[in-house]
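Before I ask anything, here is the structure I am working with.
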């Protein structure tokens, strides 16, 4: 099956990352078109990707017959018209949040897609794909924790640009916990309260930071979120579910930790090397493929341990098998590396 | 650039995994040929992969002009002849350990590749690509811990097949720590001692399990490895480096933990959302691409949150911005979902 | 200096514990008098403690000239009159919470003590003496975290008696976090809000459990407390301070964990054996003293490793010093234990 | 029952600590006599302890009729004669390690006590009384982990005095793990091997540091111990038991962590406030008793929260109970503190 030809609209920091991601790490897709309101930026990125063109008008890019699907990394105010164009042309689109800039236009987009009768729009709430959130969701769905009652969240950034204002903490930061709540609990949020503690003296003048959001869901579940975007520490995202039969927390840099009756806390251990080293195999193969593809240029078709490493391991294991009998130290015999491979 | 055409030789559990990996998750490569001494197995897998052929003779597969590179997942005893064929045809090869089954033939392979003057052989010591081992190596290379002195390792499997014997604990299990030692310390191992404690009563009769391996490197560094392949617990791989200015440990299911002067222990926090959610973005994009490619068949071109989720988030944030002023609970206003999307 | 003679008033579960504590683990004090409205209970406990009397009227116990100080473990409604009696007789008193059962009488007690001009009343907010809370307070006082902004607390009990009602979650559970807030922040609380999520289906009918308390301090600091008294899990008390230069959390069963710029998390390691094994020495000595005092009865004047253990350690170390030279295994030589000590 | 009258022999750092411990934290005992070969040191300490005398000759101190029991903190070479004197006078003795300075005299002491027919000698292997080691022992005795097979230990000091030599690492450091092995496994050690890795460049010239000790017990259990006395980090003591049904580790600053089938890791949570806050209650009471005893001098008979703290808590809880009904923020009403208590 031929690769999916994607148009990436908006190649600022986020869109440029996505274009690189598709080229370097995603199987079955390639970036066919890039677009940005800064034309030079789009052309520069297009030049770096084999077979990629820059198209000046985002609607032209969407309509292009050599584009199968669209990634929207453009500013929020342009989303409505671009999404509607995607719907019109029947092009699947992965749209960075927000869907649109206000509730009315968002609802209009929902209606238009519903009228089409097929799901073409995906919104970029990427936390749903994070392994910790996925693990937490799976745990809830397993029923092991019983019915969830309370969600405690913290969302901390080390710093924000000077343009960040108090409402953006709600719209750009809290929005992720809004989706996390809906994702984990599978129900809508019915009320919200924002508490403003005394502000961090290191926050820009006028920025209400930190903020505490208190949400209530349709069935009465409680959610609190600490939003703190000028911590100076690091990027910290923590979520704890308190349920009728125990609790579970992610985001403490130690994986998913459960707290269960009768009085134990802890996590799980990988059952086999497949889970433990799956990422290692993927990385090994991707880097090997990249090295081999670049080998004609570099003269080196590997990106990792070579034949000498295999030989050295064999020599040590040979001596080990000998010691297995005697129990005594056995010297390892190897030829001199430089005699074969040079200095 | 066109995709690398790979021949996967040996499609048992490991090789079949690798074939699936290349197809589903590796960018820039595809499986062009599969081979197995069980012909039906190769043909079955070839049939599942678009554009893939089964070839009956491994040497034919290596020689095939439509094969750019080779993955060797065949049994160890066949490696020597297959590796030499790869060298002869100038084909890059990723060879699962062991390089070959004994020291003499391993050395011969090293010599033949050295004569060619280009590096074509990579050995599948995948731990070097694991994020925890890579982090440990980076920490050592940074010099923050000073000169390493001691390495403590544990390598535990819940169970092994009945055919597993005491020497295989050395050749198949310990071999990974042999490579880890050489990778982390950048020097050769000069002696080895295997200690056999009283055996686990749950181990197969005659299997010396656990075993303790004691290695010494050229510069006098000490390495000890607990090998225990019938723990009944899970797959546990732990490595601790003790160095002149502190120590660091991985494999406790809590990331890389350092112990530093003056008396602190702990790990690092992701500096930004890119590190924290990089995996989430990759997964999101891969699953979206897969969904879009399958969309004509399924009628659903998304694999994640849709337009409604974007609308719901907008509605909650709108109410949140209102509460930001009042500090009081604000009800969230949303239309009825079923009025638009049905039940 | 002679031992402090203490009257323990109220010897229910809590008071009986305190009496035992004073006798077994507190230096410089003894229980001279016990009192309870269940006379038999007091007499039974008095009979078990050498030199202890039961006195039937709590006010007589307070007034007794052979009582130097008072521990109040009586029900809250009796505290007011008993505290005032202590003040009248100039007797120091350690009063289990609550001070009294309502604000008015509490304030009256405060006034009466203030008029006396000496501090005789201590309230049993024992968390201030917990090593984790003390460590958190010391960290805040050190200034390392900067000005605190937010406090997140969880207070979970596995179960409560059937008589527990919704207001008791505030008065008996939350009261501890009220004091923790005042202790850590050194300022008063100016407002409080209680949020009632959908209740735990395992909670007694009518009990609003869990509850979320939201406090605000005079300087605008935010505190939230999850109160959940029917978790079925265990006793969990967690407190996290979020401050201008980092955060710190206790109650995760892993000690005090800090999160600091630039992006690290972790705890501290004991600087020397005194901190690490201080508790061990105390326990060793207390148990040895107890064993020696009981030795005439038991014929055994030790509670721990004996001379044989000292001999065995010497024998192993002797062999170890020999191996220090050779590097080889050295057999340990010991006489047969039964030849000296019997079977 | 009257307090045990103890003679503390040797009041260097360790003995002075023990004397202070007995006076400040041990119930039912007091220091009646101190002795040191530096007479002035003994007299100075005796002067600080009510009712304590200095006695110049250690054997006179042991023989003194007003001495019930002896603590030996004298140098190892004097232990033999002092222990035999304790046996002769029938005085219970807590002897800091080593029992004596060599195997022959240790065995002689064992024989002499055995002839007496009562156990008078306890050796100061204090780790047996540490809560983590006690928990590990209890876990092994419970059978939950099955038969233990392997013990991994690390014993790290930040620094040692210049006089510390390679053999002292065995005799003074390793000796603790020798006892830990015997304590946990209830069997003798039959062989020992010391491995000397390349030394820490920060260690004093000539000191073999780190060292690795490899022990084997009578039933074939394996023990390895990393001894490293110049880490520059902190005091780290770690012990891991690997057993037939799982493993458990202490000394990672996160309590006792188990690793169990089927693939879980973690610890236990305190079942109730008694376990969680037992130490807090003990500390609260000891500090209150000390404050009351010193009150006549200081005019303050408390060491902790006072009546005002009780009043403030009542005021907040009162408002909380009101909010329990409304769900809205309720202002807390309190009188001005300075109006009653002054500035």
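To keep things simple, chains are lettered A, B, C and D as they appear, and every chain counts its residues starting from 1.
The criterion applied here is as follows: contacts are C-beta pairs under 8 Å (C-beta built on N, C-alpha and C of every residue); 3 or more make two chains touch, one makes a residue touch a chain.
Going by UniProt, the chains are A, B, C, D = Inositol 2-dehydrogenase.
Worth saying up front: this structure is predicted, and the values here are computed from it rather than measured.
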Task = Match interface C-D to one of A-D, A-B or A-C, accepting only the pair for which over half of the contact pairs are the same residue numbers.
result = A-B
Task = If you tally contacting C-beta pairs, which comes out ahead, A-B or B-C? Let me know.
result = A-B
Ask   = So how far apart, in whole Å, are chain B and chain C when each is placed at the average of its C-alpha atoms?
value = 48
Inquiry  = Measuring centre to centre with CA averages, how many angstrom lie between chain B and chain D?
reply    = 44
Query = Per the centroid of Cα atoms for each chain, what is the distance between chain A and chain B, given in Å?
reply = 20
Inquiry  = Give the residues of chain D touching no fewer than two other chains, as numbers and ranges.
reply    = 158, 195, 214, 216, 233-234, 236, 253, 257, 259, 262-263, 265, 267-271
Note = Seen from chain D, its contact residues with chain A in the complex are 257-259, 262-271
Ask   = In the complex of these two chains, what residues of chain D are touching chain B?
value = 147, 149-150, 152, 154, 158, 195, 197-198, 200-202, 210, 212, 214, 216, 219-222, 224, 226, 228, 231-234, 236, 242, 244-247, 252-253, 257, 259-263, 265
